[in-house]
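Each structure below appears as structure tokens.
There are two complexes below, and they share chain A, which is joined by chain B in the first and by chain C in the second.
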Partner chain A sequence: MNTAQPSLLLPAAGQDGSSFRASFSAEETHVEVIPDFTASPSFMAGVPVQVPLWKAELLQTRSLGRIVFPDWLSIDKLRPILQQEKTQPLLTTSLPFYYYELTRKLTNRPRHDDTNPDVLRLLVEDIFQVRVEKLRQQFPAYLALMEDQDIPKVDVPGIASAELVLLGPFLLQALGDRALLLQQTKTNKNDAAEERGEDTVTGEPIRPKVPLRRFRR
Partner chain B sequence: MKLEIEYWHRGYQQILRDCGQDGSVWILCRPTVDALCAARILSFLLRADHIAHHLLCCTNLEEDLKQASAVATCVVLLHMGAPQNLTKWYQGRQIYVLDPARPVHLANIHANRDIVVFWDIDETEIPSDGENLSGNESSSESEDDDESSEEDDEEEDSSVASSDRDEGEFEYQDENDENAGDPLQQQQEENQEDSDDDDHDDDSSVGRAKKPRREDEEDETESYEKERDTTEAMEETEPTTVPTAESTPALLTPRQWQQDRRQRIERYYSAGSYYGAPAAFVAYQLATQLRFGDHTTLLWLACVGVTDAYWHGRLDLTGYSTLALQLRQACQKLDADDSDDIALRARNTVYAEQLSSNGATGERTKLSLRGTGRVFSQPDYKFFLLRFSSLLDAMMYSDTVSTQLQLYRPAGMNKLKELLAKMGFPLTECQQPYAFMKPALRRMLASKLQEYAEEYGLENLEYTSFLRITGYQSVLSAADAAHAAAALLDFGSDKDDMFNRALDALQSNAPPRVMDLQNEDNLVNGGSLTGNPLGYGLHLAMKLQKKIFAAAASLMERNAITSLAHFRYAYVGDESVLAKPAVLTRLAQYLFQLHRVNGKWVGRPLILLAKDDDFYTVAGYEYTEKAGDWVRNRWGQHFALAAQSMTGTFSFGHDSHVIRVGSDDVQRFLEQLHYLMDSA
Partner chain C sequence: MFLASPSGLRTKRGAAFLFNTTNRQFTMADLYNLLDQLDHDEQEEEIIQEEQEWEAPVETAVLPADLIDAQKRQLADNDTNEDAKEVLEEDSPYLRLRNVWSQEVNAPELLPFDEDVFQSIIELIEDWEQAVDQCEDNPVSALMASITSVQIERAKYVLCDWLATRLRKMEEYPFYIRDYKADCLSQTELSHIQAYCNLVQKHLSRTVLDHFPQEAWKELPVEEPNFDYTYVFVKCLAPTTIDKDPLERGDSLIIHYSKIRDSLRDGDLQILAS
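So, the complex of A and B:
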């Protein structure tokens, strides 16, 4: 590997701390909590109140209250969403941005009511996998959209934090490398064209200067 | 003071108030599984309330208390301290005692609020507060406890012996000072008071020639009575005695009343030692009184603690049944019992097809979900570590089966194999690890045992046991966990190291693997100390059980149990693990049961002596008619009496019925015991 060139190795998932940051940011979401104590003005025993997730988790750890699952976190709501994801080409917008992290955090503890937290986890995991797969399949289409832009950007409605964490680094790296290759090609072509006195050429097949790794079969 | 069960939560809240923002609690914990479970429960509570706390394994109570009193805001004693006079060792801050050992030293009950004893329901008459209860005039047992309380690692030499004598003389002088002008002091240690006390007590209200300690005691008494009248945050408890002599003083002369009172106090101490509810159960009750009743982890720890108390003879059968019933009700409240409610079971099973599509036609794939640490109660067999060993091993090393079939004899083994053959279990299958036995055989086990076991006298093979789901559908029983942790504690040489390992083993979220018991040498496969302490503990537990059985068998074969007029005694082998009191208790229970079935022993108590470096651990056990009964253990007084009436090196530990004697003095000690019991 020629180390003088920017590395084509992708960062391993999670090694850049992005999933931790996402999990941390998810704790700002507000959830409903039913406290067991009364501390005016906001907490009255038995009365649901909206607090950030980090506060709710603290209360739950100290057995001072219990968290009420948000509306979308139920089998009845998640099953249709899974169906929708499997059939529709676009990502659903009815899930919150941090749905994956929230599910992980909320379903960690055993619950003493009817909801089975493991089933919810399974459902959310399935939804996540379907969405990621859809994004992967649509990736070339997105690339095509981004081709003519200087700063490539594409609007994906309904994307969530978990998918961004998974695909984000790859996307950044890949688009960056692509831009670099394009730029080098253009420079080479322009140099060559200037030497020959021609206009700059685009659209020709890209021959990267950096030797690509050949994969054995 | 006694803290009654309804007010335990107030004791805890007092801890919170005392500690406030920067106080810290010191939890001194005896190395038993019961205390460890209570320690984990307490630690959970304190963590939830953001109170800093230290957890220490304590073998020398006096030293640790002295160390703690300088630093701690308050001290919690788990499974120790109740029978000793704590007012002597710890001044100032508060002590909370969760100790099943009884009788509780009267000074602890009638002290002011500094010493809080968590009291479960106990109908024993307790002598009320008043004269003759000063901290100095302690029972014979606690005097010995005061003098020397090391148990394990310290070196004992003759200097301790001389200090014993010195202290004894010192005590003598103190009492002499107290009762100035009264040269006659009691020589017998059974009497709690001076024989000539009544003269002084009559003058007590008049003459202030009392020594400072007596005055303090009276001040305390007065202030205690004043406090009793005012309403405070913590409920005061009235002494539970209703002596008719006090309420009708006109009928008895003061001297007679004094004598009557002395007799009551004497009776209180000399009836023998017994046990109340285990510390772990007390801690769990405390947790339910606070806001932590929903946590299955705490319930599980209570189950393990109760099972451990039962196994080590601190609970009799009725006690265990009562506590098990309460725990079972708690289990059902937390997670409704699956086996009873089909609808609930249906709700808890999930099929993959339910998640992906609405209709479920054809075959469905059942998903196995995490068990989330659910605790439930089920009748289980009294086989030893059945889930982690083979059926044959489990039956061979089970106390019930082994004693009933007299397995130390070859004829007994043949009977066992015959039973298995009758049930239709091939021997090779029985030697497989239980988890790998044919499922058909495992399903048959229950019905076949019911059919054939009675012929061989194996009637009560089942008992209510508690099981916890760890990981995905693997199950751990409370007995297994208790055995594993106890073995880790018993085998340890470095007390802190093994204490920590046993604490880890109680964490119970990692399921130990089935092969752990098979490979003694191969500890890499999940039975390593660091990797899986519970697995290693199970491996040690089996080893320990084999050692106990081997020791018993060798005693029987060699006829090494000598019978004297008042008791039997036996020198148990040379291994250091056998010198632990807990192990000796199990060995004694095993021997008792063997001989009950034999019909050879009818009544005498048993003393076991085990060599431990330069000392012998001497433990005395009472005989009961049936296994699982409980009789108050009076060996504490006998040992104390014998130790005081002869020269030698002695030390008491936490239990009154266990004493450490120097190796040179053991024989004489036994003779002295016999002589004293003869003359009594």
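So, the complex of A and C:
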């Protein structure tokens, strides 16, 4: 039985869509931290410095500094992005690649300044849900694409890490299986046609006879 | 601080004791043993001279290499020179290791082994471990040492995951890789795959193949990986064309693997990895 190549190699996703590899890579992004100590040359008390997130988290857990939220992580920036996502068909490109993982890590702890971590977290969750839903709605469009070309390419501008982890393995597997089925119907039709002595026909696309069921989590 | 006792002032040595205090290190005067102290003056002077030659050690924290990188990066930021910043960021072997790792994890087939990355990351980890061992006693150095040890653990994780992914891919199609893709392997991987193939061959021969009646069936069929139905997410790094479709820098797309194999090797595209 020939099945499409299973994608064992894509990052393993947890129950809530998280992935250790994604979080690991997200921890390498640089954030600003204000240290409380001085260690020449780069750490001076009170002076903000760019360090990788894992270092910033280390300092924060030891109460040696505090992390400054990046620019995009503010209510003023995220609300318009949410509106934009809801109204426009394409995914926005103004959010960094690891926005979801970064938000989860940065909003975990209670903070004593103006920023509202809970509100930010809810906003980012909403943005994520809207983006995932938009991608899911484009799946039938991908199927339609496959009818026109032999080997299609699909544009996904602005996709981010969390959506990749959640939808990536399924999407690649589905496209592969679809190509396999298309190929097999073509060969079956060709075999049948040759037996009858006719010219070979191109395979008919497989159309779902019932409306596609929407998967909701 | 000293108390002048009337007897101390009168003796010559006592006067010397009073007036020669500028170059000394002060110790609390021992009132009960003042006479003893006066007697020990000369010995103290010798000791003091030796002590003056000793300089207080300048406190230097042992800095991990990437703090120096961070400093360079800050300087680059101040210059607002984006090219310098990019060059600095790309020089780190750790960054190159992470790139190679993310490509390897998300690629359907075994990619060529990058010997430079491997050697440089091993050296870097050894340097870091030495820095941790040599750290001094003060709390600042201890903090830097703990930061460096976290960095060592992260680098080791990436390295081990990279090698483990390669091993898993190798053992999926061992005979095909041993025969056709030996140039993608390192020396240790090559010797491992040869031993592995021998073991598998022996096992299958003893259990199954030798018992076949017909001679023609006794050959081991070699499984080849099939990428007809494999799609990948890719990101465009340099403007290129695929099937006469122009792609700009920064495009992301899902595409059939066979189309982009060559572009991946050239470096125009990169597999989009989470």
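By our rule, the second predicted complex is superposed on the first by the 176 of 217 C-alpha atoms of A that agree within 3 Å, B and C clash if a C-alpha of one lies under 4 Å from a C-alpha of the other, contacts with A are read in each partner's own complex, and residues count from 1 in each chain.
Here is the rule we use: contacts are C-beta pairs under 8 Å (C-beta built on N, C-alpha and C of every residue); 3 or more make two chains touch, one makes a residue touch a chain.
Everything numeric in this text was worked out from a predicted model, so none of it was measured.
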Touching partner for A:Ala193 - first (chain B), second (chain C), both, neither: neither
First, second, both or neither for A:Trp54, with chain B first and chain C second: second
Contacts of A:Val132 with chain B and chain C, given as first, second, both or neither: neither
More chain A residues in contact [chain B versus chain C]: C
Touching partner for A:Asp155 - first (chain B), second (chain C), both, neither: second
Partner chain(s) touched by A:Gln183 [first = chain B, second = chain C, both, neither]: second
First (chain B), second (chain C), both or neither touched by A:Ser19: second
First (chain B), second (chain C), both or neither touched by A:Leu167: neither
Touched partner set for A:Val68, first chain B, second chain C, both or neither: neither
Contacts of A:Ile34 with chain B and chain C, given as first, second, both or neither: neither
Chain B and chain C contact sites that coincide on chain A, given as residue numbers: 62, 64
Residue numbers on chain A that touch chain B, as the complex places them: 36, 61-64, 79, 82-83, 110, 112, 114, 116-119, 122-123, 126
Interfacial residue positions of chain B with respect to chain A in the complex: 48-50, 291-292, 294-296, 334-335, 347-348, 350, 355-358, 367, 369-370, 372-374
Interface residues, chain C side, partner chain A - complex: 61, 63, 67-68, 70-71, 73-74, 77, 98, 102, 105-108, 140, 143-144, 146-147, 150, 154, 157-158, 161, 165, 168-169, 225-233, 242-243, 245, 251-256, 258-259, 272-274
List of chain A residues in touch with chain C within their complex: 4-5, 7-11, 19, 21-22, 24-25, 28, 37, 39-43, 49-51, 54-55, 58, 62, 64, 142, 151-159, 161-162, 164-165, 168, 171-172, 175-177, 179-180, 183
